[in-house]
Amino acid sequence: MPAELAPIDLDKAGQEMYELVADLYPICRSITGHGVRETLRRIQKRIPLLLREVPTGTRVFDWTVPKEWNIRDAYVKDWRGERVIDFQKSNLHVVSYSVPVRARLPLDELRGHLFTLPEQPDLVPYRTSYYREAWGFCLAHRRLLELADGQYEVCVDASLEPGHLTYGECHLPGETSEEVLISCHVCHPSLCNDNLSGIALSTLLAERLASRSCRYSYRFLFVPGTIGAITWLSQNEGAVERIRHGLVVTGVGDAGRITYKKSRRGDAEIDRAARHVLGRSGDDFEIREFSPYGYDERQFCSPGFDLPVGCLMRTPHGSYPQYHTSGDDLRFVHPSRLADSLAKCLQIFEVLEGNRTYVSQNPKCEPQLGRRGLYRAVGGQADPGQAEMAMLWVLNLSDGRHTLLDIAERSALPFSVVKRAADILGEHALLRESAGPSRALAERTGGRS
Amino acid sequence: MPAELAPIDLDKAGQEMYELVADLYPICRSITGHGVRETLRRIQKRIPLLLREVPTGTRVFDWTVPKEWNIRDAYVKDWRGERVIDFQKSNLHVVSYSVPVRARLPLDELRGHLFTLPEQPDLVPYRTSYYREAWGFCLAHRRLLELADGQYEVCVDASLEPGHLTYGECHLPGETSEEVLISCHVCHPSLCNDNLSGIALSTLLAERLASRSCRYSYRFLFVPGTIGAITWLSQNEGAVERIRHGLVVTGVGDAGRITYKKSRRGDAEIDRAARHVLGRSGDDFEIREFSPYGYDERQFCSPGFDLPVGCLMRTPHGSYPQYHTSGDDLRFVHPSRLADSLAKCLQIFEVLEGNRTYVSQNPKCEPQLGRRGLYRAVGGQADPGQAEMAMLWVLNLSDGRHTLLDIAERSALPFSVVKRAADILGEHALLRESAGPSRALAERTGGRS
Amino acid sequence: MPAELAPIDLDKAGQEMYELVADLYPICRSITGHGVRETLRRIQKRIPLLLREVPTGTRVFDWTVPKEWNIRDAYVKDWRGERVIDFQKSNLHVVSYSVPVRARLPLDELRGHLFTLPEQPDLVPYRTSYYREAWGFCLAHRRLLELADGQYEVCVDASLEPGHLTYGECHLPGETSEEVLISCHVCHPSLCNDNLSGIALSTLLAERLASRSCRYSYRFLFVPGTIGAITWLSQNEGAVERIRHGLVVTGVGDAGRITYKKSRRGDAEIDRAARHVLGRSGDDFEIREFSPYGYDERQFCSPGFDLPVGCLMRTPHGSYPQYHTSGDDLRFVHPSRLADSLAKCLQIFEVLEGNRTYVSQNPKCEPQLGRRGLYRAVGGQADPGQAEMAMLWVLNLSDGRHTLLDIAERSALPFSVVKRAADILGEHALLRESAGPSRALAERTGGRS
């Protein structure tokens, strides 16, 4: 990856991502339906995204693509005809995948279909009922307490019928067919951090990478959570062997510190690259061990695939009070945080792009750097600078068994400095690229499926 | 091992063990002789114990079964005919394996045969002279100071003659011929924590296991320390390859915290099971590294066997002031501590019994738990409960390379919860048992001798 | 190595080393020339040192042996004819390898050839210009400030002509042809800690080892830094495979704590021996990870050799203010510190000499130590002493896979105690020496080049 990837106008990128979040915010997305299609179409304006449609009933491993759900309107009216719960005001008010209903029923009976958060009485929760046919409404607990006894008119004007599951796929070819996978989920309605922030970051990332030549090919997935990832994996089993690194991007716009959750392997190259980048950022950060709960890393890291896919986020899901509530709105995400997440994402990919393995062409003793103009002329001074130290480290460890990231970690030097040293040494014919341990690993992984 | 093993009436068990200790306390045991036989006969009332008799002079590896020692009486009388040291009052007063003697000698000469503890002047020490023919008496140092100069009459009415070494063996067949070995020593006279507590715990453990069906076969050894274990190993070399796990049980009745001493291997399955159980008990505990000093783990873990045998105790030998003195009496052990040790022992075996390895039958992506009724129906809520997390962990790591204990450790969930999740998933045909790494290890170990 | 190596008259040895440092201090050494020869000749008075002469122009890997530099006089005179900078007062005043020059030039022009330490205004720096033909003078910054404007007469009466690079080599044959390499640099002029301390320690070490029979052969190199080590390696590639352990000795006379810098491998036997010795010394110490900067370990640990060579020093180069200045004089090194460094060096070699691997001849259960008089006769006492514990450890771990150093580390016993236990057990035919893991490793290493 060219060095120019890193210097990016972060203010501008942050603003653009925020505007994309705002643009997509009102759309009522679910795991299927027009909301996803409309979202993907707007992303298509920026990047070469293909929309894939998979018919209802398609078997995808242990699952089946569900019926397509579309909703036009939904409300609960009181006896005066006033909409006391109104889908038009917020799509969170309807339990996602609610079946159509038109009924009159007393408050006591209605209560069984209402979801609130008693401990956060001003927030509307986000609820779904994908795999059990039911209907329901979500509302602020304070609002529920205000509802008087009496008859209410309920309407969910939705359809749940055979159709398609829709997802988006954007493939950016690189120098090699080896791939980096970036995946985000697109199935949440008006929630900003949880789904829109990842969508926006993925979009700008793809936009940026599309304009450059990279070592790796990059594949972006914009998929409904769980069923979308399962569908893609089911229909692309052959493609999986090309994936060398992967990242699920989600919840990257809030004010919390950056968090990287490791792949199931725990020591995949992307795990080490992320740790290197976050550890040297100067910012607070957290590295989490893998767990089989979270986002679509659950599927990518299932034992039959065990892909080297981590997850980049800020505050992890479930650990901020606005999570899956109406509080996850446009005030909860920030252009500067989106930009910071994008920058760290690019830095991680920069490590992956540059993490090659070399063999010193002068393995016996040090080569004479001085006569090549690579070493200070006056001797006797104290320690050399970082650049000279990096050259010595690269020469010492370039035995075909250490990647540049290995060398950066052992020397405690920034990867970029080590990479630059390797580039200079390569220009002087002091290094030759080697298949290296990472390639050997990659081949083993690739040969797996 | 059935789950019902754990729920045990601990108060009752503790009381029974304490009564057994009290019953066996007066008997004068040594490494051979009637004391051991009488002890084993009383244990036979509770469990199917076979008494083995090995003749004096039998070669057992580098050792030889010694002569049989039996004692009827022993004393030191002063010139008034008063017994100033009297075996009838406590069998600790005679150095174990003292040769017969009848003599009159002055105090100065007698002193060379007297053993006391000057720093614990009220306690009688426990001393032996197994492999050098000698005689001696042990007494409280305060008592020694009271002895006036003068002639003393010494009598050890004992026999040291060709006979047998006696030990007890109880074999409980399980589903497989793979064995768990439990060993305790039976060679100490009136010492409660050091030998009787282990005898009592082993007896109740065998009693309990005898009434149930287990995956493993269990073999209990009640042997004289060192020479007994060496004799058993020497005469059962062929049986050793069946031993998958083992535990030396000793010093399990005092008030100290529970201590597990690892096997020589350090990472044997029983080492990990013990750490898991003790670490999650909520009680204070200690895990000790292996050392070639202590109890019969010295023999089981000698390099020619290197069996996966750990040692369960409370306060380690030598580190309590009552150790090997008359202070290790019926007040030093407690029913509740015996019960706690038994409970932890059972929990460790519960892990071993249940520690199987599985292969997910849906390794590619998660199986759809919801349609099997194994997952909550309403989506969007925060983290799932422990039971659901355990199912996700088991599915994710069941690739034939992780045992359930591996999964419990990586997920930081209790083994019992992970086991239950695996059972449920198995009932839904989502798992299939695999030979697994533990079996592969077991086979390697088994094929060793 | 005989145990008598350790008890050495340290006061006397410290004094002798200090006197050798003082004797060599005035000589103007550089990477070639008479200063090195004179230094080596004085060392020859004590040890059987061979002087090697390698002609200018000889190719040594990526390098070329440089012209030989010799200097007779050098000064800067002011207009009154007064020597304001005078080589006769201190050889540090001339930049090493300055080309001959005779000129008159104004102060402003002269300044470009003057080197000072503005932050240490009273000290004269040490500077070199080995691989770029130039001339220069070093002086105290305070002296520079005193120089008045005006014309100065400059003279460097030196020669830089084809000749030889000189180094010294001392080989002490041992029982086997396997070698321990000790290397020090001999290329610095009047600097005491940095070069003379290492020279003095190496000399006394060789003197001592020459008078004894050792398991290993020892090879001492007294070489100009970098180019000397490269030259030796280049001309002795075949000899490298015999090197089992190595130590660069440098900066061993200052008052700082002892420091061991690990070999590139990080877990070589000498790394572990040094850690064992320093960790048990009771003195403050530091273990440093390898880095490809420092002394000639850079060459010995280059990837094409990767020799198990560490570096023993006190305060590391560059981290004391007197480093490479006139402050590194006879007041900066101390007989007692030289002696302490020598003692630790000898202790490390003592571990290497004694670090053998054994196989117990009674691997099944413990052998009966008592009947061999190796174990106390009266049983029942608390823990045995260190000597008995060491025997038990050696017997337990002597399975051909543990060296005595492994056993010392695992048992937390001093190596000498473990060694003594092994010797006693060997005398009783309870152990047989085995090729062991260290030999297997040595063979792998030896077969490398």
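Just so it is clear, A, B and C label the chains in written order, and each chain counts residues from 1 on its own.
Here is the rule we use: a residue touches a chain if its C-beta (ideal position, glycine included) is under 8 Å from a C-beta of that chain, and two chains touch if they have at least 3 such contacts.
Keep in mind that this is a model prediction, so the values were computed, not measured.
Superposition angle, subunit A onto subunit B, using Cα atoms only: 120 degrees, a multiple of 5 between 0 and 180. Comparing the residue numbers each copy contributes, subunit A and subunit C share less than half of them at their mutual interface. Between the CA-based centres of subunit A and subunit C the separation comes to 54 Å, rounded to the whole angstrom. The multi-chain contact residues of subunit C, meaning those touching 2 or more other chains, do not exist; every residue touches at most one other chain.
Per the touch definition, subunit A reaches subunit C in the complex via residues 360, 362-368, 370-371, 377-384, 389, 392-393, 395-399, 411. Residues 60-63, 95-96, 115, 125-132, 134, 226, 229-230, 233-234, 237, 264, 291-293, 298-299, 301-306, 318, 323-324 of subunit B are the ones touching subunit C in the complex.
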